[in-house]
Amino acid sequence: MVSIQNLHKKFGKNQVLSGLDLTISEGGIFAVLGPNGSGKTTLIKAILGMVIPNKGEISVLGENIKKSSNYRHQIDYLPQIANFPSNLKVRELIKMIKDLRQNTDEDKRLIELFKLEPFLDKKLGNLSGGTKQKVNIVLTFMFNSPLIILDEPTTGLDPISLIRLKDLIQTEKAKGKTILITSHIMSFVEEVSDEIVFLLEGKIYFKGSISELKTKTNQPDFEHAIASILTDNHA
Amino acid sequence: MKTLIIIFSVILMTSYTHASQIEVCNTCPISTLKEAIAQAKDFDTVFVKKGTYKEYDILVNKPLTIIGENYPVIDGELKGEVITITSDNVTIDGLFIINVGTSYTEDYAAIRVKKSKHFVIQNVVLEKLFFGIYLEKSSYGKVYHNKIIGDAVEEYNSGNGIQLWYSNHIEIEHNYVEHVRDGIYLEFSDDCIIKNNISAENLRYGLHFMFSNDDIYQDNTFENNGAGVAVMFSKKIKMLNNTFKENWGTASYGMLLKEINDAEIIGNTFEENTIGINIEGSNRMVYKNNNFINNGWAIKVRGACYTNLFIENNFLYNSFDISYNSKVNDNVFDRNYWSNYTGYDLDKDGVGDVPYRPVKLFSYIVNRTPETIILLRSLFIDIIDFSEKVSPVFTPDNLLDNNPLIKKVQW
Amino acid sequence: MLKILKYSFFDLMRSRWSYVYFAFYLLLGIVLLFLNNDLSKAVITLMNVIIVLVPLIGTIFGVMYYYNSKEFTELLLAQPLKRSSIFLGQYLGVALSLSMSLILGLGIPFVFYGLFKSTAIWDFSLLLITGTFLTLIFTALAFNIALSNENKIKGFGYAILLWLFLAIIYDGIFLMTLILFEDYPLDKLSLVGTMLNPIDLSRTLILLKLDISALLGYTGAVFKQFFGTNFGLIVSFIMLTVWVILPVLRIVFKSMKKDF
C-alpha cells in the first residue's frame, strides 16, 4: 500500500526524519506513535506530499509520489488541527471539497450521524472546536478511498461522537481499507489498531502488534510498554 | 471747389480710357506673359486665361494688373526666378506658379518685388518653389490670401515662403504656408501687420523675424514647425491671439524670444510645445491672457530678463510651468491660473489664500542633468519639490504668484 | 486551477476588505471629479495616485491574504490538486479581485461623469491597464515574500520595505546616480534604470501620454527613439509583462519546494 525507503527530512538544522524505512501492507489499522517531535506528523505529511523529503522515496499504491498529485485521489486525510477558511459556511465547504475531488452522497449520512444539520448554514469561524472536528471527519470519510490517514482524530470529540468515530473506523476496516492513525490517546490506539509503528528520533524503533510490543518490553499493559521505551531511551 | 472736382473727373476719365485690357492664352495672338507685358501700357490689365505657360525671368517693370483666370500655370521649368516686379502699383492675382529654379548662389523666388511700392499679391498658389514671395526694399504692399506649398527636405537647399527684407508697412494676411524652410521671414522690416496666416510643418521656423520693430502679429497659427517661431532683436512688437501648437523637439519652441524689448504678448495659445516660450534677454514685456496648455515647459527663462509682467494667464497641465536658470528674479507673476495649484480659497474671493510657487526644484535638476527628466512625476521628486517649496534653496525665493486664481481666466 | 481561482475569488469578494478597497476607489474617483470639475485633470491626479497606491495595496493585501488563508491552503494541499494550481489560483483570485475593485471603483464615477464622451477616455484606459499590471506585479511579489517568510510580521515588514524601496528610495538612488555621472552619456542608463522598477515603468507609460512634449526636449538619440515612436510603448508593455511573469514563475518554483 505504502512503501517508504530511506526517508530523510531536515527543517533548518533540525533533523526530523533520518533514513526511515516503512512498508504498510494493504488492509488493517496502523497506529503511528512516538514522543513529541519524533516526526509523526512529518511522516504523514511526507506521504501526503505536503512536506518535500530531502532524500528517499515514497510510493503509494505502487506509484512514486514525486511530482504527482493524482495519487491523492486514493487518500482521505484528516488533518490534525481543523482550520478552515472562516468565511465559508459548512455547507459551502462540503460542496467545495466535493467539487474539487468528486461527487458523493455519503456526506448526507455522515452529517446525520454526527448531528451536524443545525450547523450547515453557520460560518466555520463561528463553530466550536468539537464541531469543527466533526465537520473535519465528515469531509474525510465521505469519499471512498482505499487509504485513510487520520492525524489525531479524537481531538475535541464528545464521548458519543468518539464511539461513532470508532464505529466508522471499524466499518472502513471491514471494507478492507488501510487506515493510518496518529494519536496520543493510548487507550484509543490500543482499542482500534492492529499494528503499531513506533518512531524515535526520526527512525522506526518498533513495528508490530501490541502484544509483540508488550513481550518485547516485558510490560503487562500497553501504556507502560510505551513509557518503558521512552524511559529506556531518554533516562 | 467745383473746378477741382471737374479736373479730378477729367483725370479719372482719361486714365480709364487710357487703361486697356490685354488677354493672354495659349491660342491667342499674345500667347506669353512676357509678350503681354511688353505690349502693355502703364495701368493696363493683363488677363491670363487657363493654360500652361512655360516662362521664367518675367520682368514687370510698369504698373500693371495681372489677373489669372482659373489659375493658369506659370511653369518656371526650374530655370530661375519666375516673376520680378520692379515697378510701383503692380497687382498679381490668381496665378499658379510652379518649378522655381534652385540655386546655391542666388535666391530665386516665385515672385520678387524689388524696391517698389503699393503692390498687391493675392490669390496666388505657389508649388515646387525655392523662395516664394520675396519683398526686397519695398513698402506699402499687400500679400493677401496666397497658398505656398513647398517640398523642402534639407535646410541648406530650401528657401522661405514669404520673405521681407528692408520692407516696411506691409500687410500679410490670410496666407497659408507649409513645407518650406521658414514660413514667414522678416528682417529689418518695420510697421508690418501679419494677420490670420497659417504657417505649418516648415523645416525651421513657422515665423522668423529679426531687427524688425513695431510689427503686429495677430490671429496667426503656427503649427508643427521644426523649431516653432523665433523672434529676435526687435522692439515694440505686438503679438495678439496667435496659436502656437505642437512644436516638438530638442531645440523647438512655441516661441523663442531673444533680445526683445517692450513687446506685448496677449491672448495667445501655446499648446503641446516642448517649450511654450523660451525667453532670453527680454525686458519690459507684458504677457497677458495667454493659454499655456500641455507644454513640456510653459515658459523657460534663460536669464537677463527684467521687469516682465505675467498677468492673468492660464497655465494648464504643463509638465513644468516655469523654469529659471538663475536664483535672481525681477519679473512679476500675478493673478494667473495654475492647474498645478493645490492651495485653497477659504474666503471665497476667487484668489487662492496661499501663494503659488511656479518654479520646481526638479526643473532646476532637469536643467542641470537632462536625463533626469525620466523621473518626472515620481513620488520621490514630489517629495523634494515639496521640501523646496517650503524652504527654497535652489530656486528664486521671491518668485511667487501671490494671487493665484482658483478658476480659469476668461477674457 | 480555475476552481481554486473561483473559490479564492468568491472568498475575497465576500470579505469586507474588497469592499473597503472598492469603496476607497469609488470615493477617490468621486472626490477627484467633484474637486476638479474636469475629467482630464482628475485623470492626471489619479495617475499620480495610482502608481504609488496600487502597489502599496497590492503588496499589503497579497501578504495579508496569503497569511490569512493558510488553513485554506493546507486544506487544499491534502486534496488531489497540483501545488502550482493551488498557488496560482489563489494568486489570480487576489489579483483579479483587486483589479476588479480598481476598475469598477474608478470606472463607475468616471462613466457617470461622461467618460465615453470625453477625449480623456484613452488616458483613462491606460490608467486602468497600468493599474491592473501593477496589481498583478505587486500581488505576485507579495506572494513571493509570504512564501519565503513563515513569520507573519517579518513578511509584512518586507512587503512594506519593498514598496518603500520601489516607490521612493529607488528613485532617490536613481536620481543621485544620474547627477553623479552627469558628465557621461546617460540615456541608456536612465532607460535601463526605469525598466528595472515596475513603478517607474508604469510612470513612463503615463509620461508618454502626458508629458511627451517635455520628453522630446531631451537630445539623446536613444531617448528620442524610445519616446518619439511607439517603441517606448511596446517595450514598456513587454517589460511589464516580464515583471508579471518572473514573480509568478518564482511562486510556482518556490511552492514546489516548500513544506507545509
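For this structure, a couple of remarks:
Every chain is named by a letter (A, B and C) in the order it is written, and numbering of its residues begins at 1.
As a convention for this text, contacts are C-beta pairs under 8 Å (C-beta built on N, C-alpha and C of every residue); 3 or more make two chains touch, one makes a residue touch a chain.
This one's a predicted model, so the numbers in the text were calculated from it and none came from an experiment.
Chain centres here are C-alpha means, and the one lying farthest from subunit B is A.
Central chain (C-alpha centroid nearest the global protein C-alpha centroid): C.
One finds 47 Å separating the Cα centroids of subunit B and subunit C.
If you average the CA atoms of subunit A and of subunit C, the two centres end up 43 Å from each other. Mean C-alpha position of subunit A lies 89 Å from that of subunit B. Interface residues of subunit B, counted against subunit C in their complex, comprise 248-250, 252, 272-275, 294-297, 317, 319-320, 339, 365, 368-383.
Touching subunit A in their complex are the following residues of subunit C: 3, 7, 11, 14-15, 69-72, 74-83, 256-260.
Those residues of subunit A lying in contact with subunit C across their complex are 11, 45, 48-52, 69-73, 75, 77, 79, 83-85, 87-88, 96-97, 99-101.
Listed in rising order, the residues of subunit C touching subunit B in the complex are 40-41, 44, 47-48, 51-52, 167-169, 171-172, 174-175, 178-179, 182, 186-187, 189-191, 193-194, 200, 203-204, 206-207, 210-220, 223.
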